[in-house]
Amino acid sequence: MSETLLFRGALIEGTTAADVIVDGGMIAEIGPSLSRAGATVVDADGLVLLPGLVDLHTHLREPGYEASETILTGSRAAAAGGYSAVFAMPNTSPVADTAGVVEQELALGEAAGFVTVQPIGAVTVGQKGERLAELGAMADSRARVRVFSDDGFCVWDPLIMRRALEYVKAFDGVIAQHAQDPRLTEGAQMNEGAVSAELGLAGWPAVAEESIIARDVLLAEHVGSRLHVCHLSTAGSVDIIRWAKKRGVDVTAEVTPHHLLLTDELVRDYDARFKVNPPLRREEDVLAVREGLADGTIDIVATDHAPHPAEAKACEWHAAANGMVGLESALRVVQLAMVDTGLITWGDVARIMSREPARIGRLAGHGTPLTAGQPASLAFYDPAPRRTFTTDDLRGRSVNSPYLGRELPGDVRWTLHAGTVTVADGALLDTPGVRA
Amino acid sequence: MRHLLDTQTLAREDALRILDVAEDMADTQRREVKKLPTLRGKTVVNLFFEDSTRTRISFEAAAKRLSADVINFSAKGSSVSKGESLQDTAQTLQAMGADAVVIRHGASGAPRTLATSGWISAGVVNAGDGTHEHPTQALLDAFTIRKRRFGDDSRGRDLAGVAVTIVGDILHSRVARSNVWLLDALGAEVTLVAPPTLVPQDVSGWPVRVLYDLDEAIAAGPDALMMLRIQLERMNAAYFPTEREYSRRWGLDPLRLRALGADTIVMHPGPMNRGLEISAEAADSPRSTVLEQVTNGVSVRMAALYLLLAGADDPTTEIPEETTR
Amino acid sequence: MSTRIVLHEADIARALTRISHEILESNKGPDGLVLLGIPTRGVTLANRIGALVEQFGGTPVPVGALDVTMYRDDLHRNPTRAPQRTHIPDGGIDGKVVVLVDDVLFSGRSIRAALDALQDIGRPAAVRLATLVDRGHRELPIRPDFVGKNLPSAREERVNVRLNENDGSDSVTIEGR
């Protein structure tokens, strides 16, 4: 199943060059000028070695919406993007609000075998925001759920949010909030601002995100609980997280690759590829979240990979669904927005796209140090190429990417999941670990 | 001119050309035989996803007076209400031979999506999309202001220095947006008056002055006062407390009517809520251009259809020197 | 490419004078005449002829303009043209003798369009055609009643009319290949 591999000359987190031997699912050795009899030698000169990426926010659509994506196709897309683990959001059909559904997702992920699929459990039954779901049962299940979210919907009732924050302390769980005041965003189509005023599209004001985050950090502080903020998108939200962390609140935050790069000016042509929730914001917001990610206020990058079928995007804006696929492009966009601009190093990339997501999600075996004896979940990435992103770069079932036709740097060359090769020499394998 | 989607991207020269051609169309409408053979053999489809008898009839009259064939498609009770997509509806109509599609849709941006999608090759005229734009309305409004001001000497003239004040629900008004861009392109000075809840959150980039006080706006002496229809549903979404309060603060009542300058005209795109945003006295006064606007609407739409359909399919519409005889 | 002058300023003046006399002669006087020029230079010529007819005939004769853009049969083959102004003098054309005035008569299609336009405006007693230059190559059974100069030409050649009011000087030139 897993062969012995010797990668020569990789740049460990972008700095020192070293050889890496992968054997029996583990990093066997890492150091200069290694050799190993019987190992397949791979020239990794110029490739950056990162721990396998971990996505804390992915929509795999199975069960219920298999036309857009399945756990298998989504896993493949993740592996192609350098990921070795993804957390699957619960807005499926049925909603993942019981031990039964999360265990089913876990089993499907294991059967697919490309990445570790860690289910996220819903906070409330059916994500309706009325009653807590059986969070304990999901935590105790085979899926060992630690992250809970009603993503797609905000846990708006402050009392329910308080109870949820308190309750998950019993099993070191964390509530991941989709911060969106529903009353301030009824019928909202895009960021509220100068562009929405001209385009005649109902606005989604920044304050609808910020006011919920402000409330939730105070609740978390009051009950002594962890809080995670999903897809943070505004300058004001960064300021609130910075303030909360200074106060000692145990809060973490994520930002999507698209919010690091794209603005609401792209909506002017009413091209629904750019329709997403939270919406694309202003240039000032993009710069603020980049700064927040660089200084650690924002802890991680999470894709919010959201596949949709063609007819849900090739229509008038109002009728289109929210969401963008992002697993295959994430590392490339982060390189463009954060590394090539000098804001962060590859070492930081390892932290924000692997170590910290695994830590926040309490996922063992991922985001582990790049040293001998650790699991070999790895990504070898070539930052040099510059290519136009096309549908040929997508490996999932859906093609709703905002980067089609845009030049992006970089290329994932090898992905390993616990020693099993999933991407070899730039090509996604049909079966994990099996190479022609 | 391949499509007419908005006034925001309509160049000043193109806008003036439409207005001047509309003058010629208006002249023909005063003759006994009001018909022209110009668009004979062309088919215009009115694709109306929103109810609108007035605008649809205006486009229908315009097309027929140019001898075009007209097909009316209304979304109610059609396959659209059974879930047929915009793409399939449009392609079905094209398969029936539409040369131009006049579309009114509840979703802002739908005409642009239709025009740029590659689903159809017909020219697209926006007859109103959501809260975004209504370009032919702004054009007929500008035509009306110009005509009242310059009479038979209107051709070639813009609206430099003309002060236009627009009153009402700016936030939800495609008529307001189209008028702002077009009036600015023609050199007019635009003032918007509304309750603060009905002004978009960020209009700092708009070439307008914003006031919350209608009396202050009237005291500034506008040349044209355009009243917009207020939709009563807005009351339920807390944009203003009651009809009564709206009418008191932002309605053109008899007192405000008397405070207007001698030559100030009163405009309304219709349909009017008599007694709410505009008093009966104002609506029926000689200052009121409401009926002229309707007449001018046909001429302006004739001009738009002519410029869209009469020439060869050429994206660069050059007006040639007289060549063939 | 060669250009030669076919009519100088004086030639044009003489031609218009003769045309004006011929109009009065065939109409037995100025009564009931309406001159309608086809834009652009046809209007200029109609104004000049109108002044001459008034001078020779003793009474002013109504002069107007008839734009035929909307009635052309070749609209869809060319880029969109902006129409020009149509001005029918007070008194209209019902029962009148309308003299259409154009600068160059070629295929005859403009005149056919003018006849269609007249039909939608009223019912003249008669319609006549005056043209400064007739260059042949008719595609329709249309013939002028009053001609300034018959100018045989090859199809590819261009006939250019310049008039003082429009172009700053008077001349008719023909441009070869």
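The first chain written gets the first letter, and so on, giving A, B and C; residue counts start at 1 in each chain.
Note that in this section contacts are C-beta pairs under 8 Å (C-beta built on N, C-alpha and C of every residue); 3 or more make two chains touch, one makes a residue touch a chain.
As the structure is a computational prediction, the values presented were derived from the model and not from experiment.
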item: Chain centroid nearest the full-protein CA centroid; value: B
item: Most distant chain from subunit B, judged by the mean position of its C-alpha atoms; value: A
item: CA centroid of subunit A to CA centroid of subunit C, Å; value: 77
item: CA centroid of subunit A to CA centroid of subunit B, Å; value: 46
item: Intercentroid distance (Cα basis), subunit C paired with subunit B, Å; value: 39
item: Contacting residues of subunit B [partner subunit C, same complex]; value: 1, 17, 20-21, 23-24, 27-28, 31, 33, 35-38, 155, 306-307, 310-312, 314, 316-320, 322-325
item: Interface residues, subunit B side, partner subunit A - complex; value: 8, 85-87, 105-110, 112-114, 116-117, 129-133, 174, 177, 200-206
item: Subunit B-touching residues of subunit C, taken from the complex the two chains share; value: 40, 67, 70-71, 74-86, 102, 104-107, 109-110, 116, 119-121
item: Contact footprint of subunit B on subunit A as seen in their complex; value: 189, 192-194, 196-201, 203, 205, 269-270, 311, 314-319
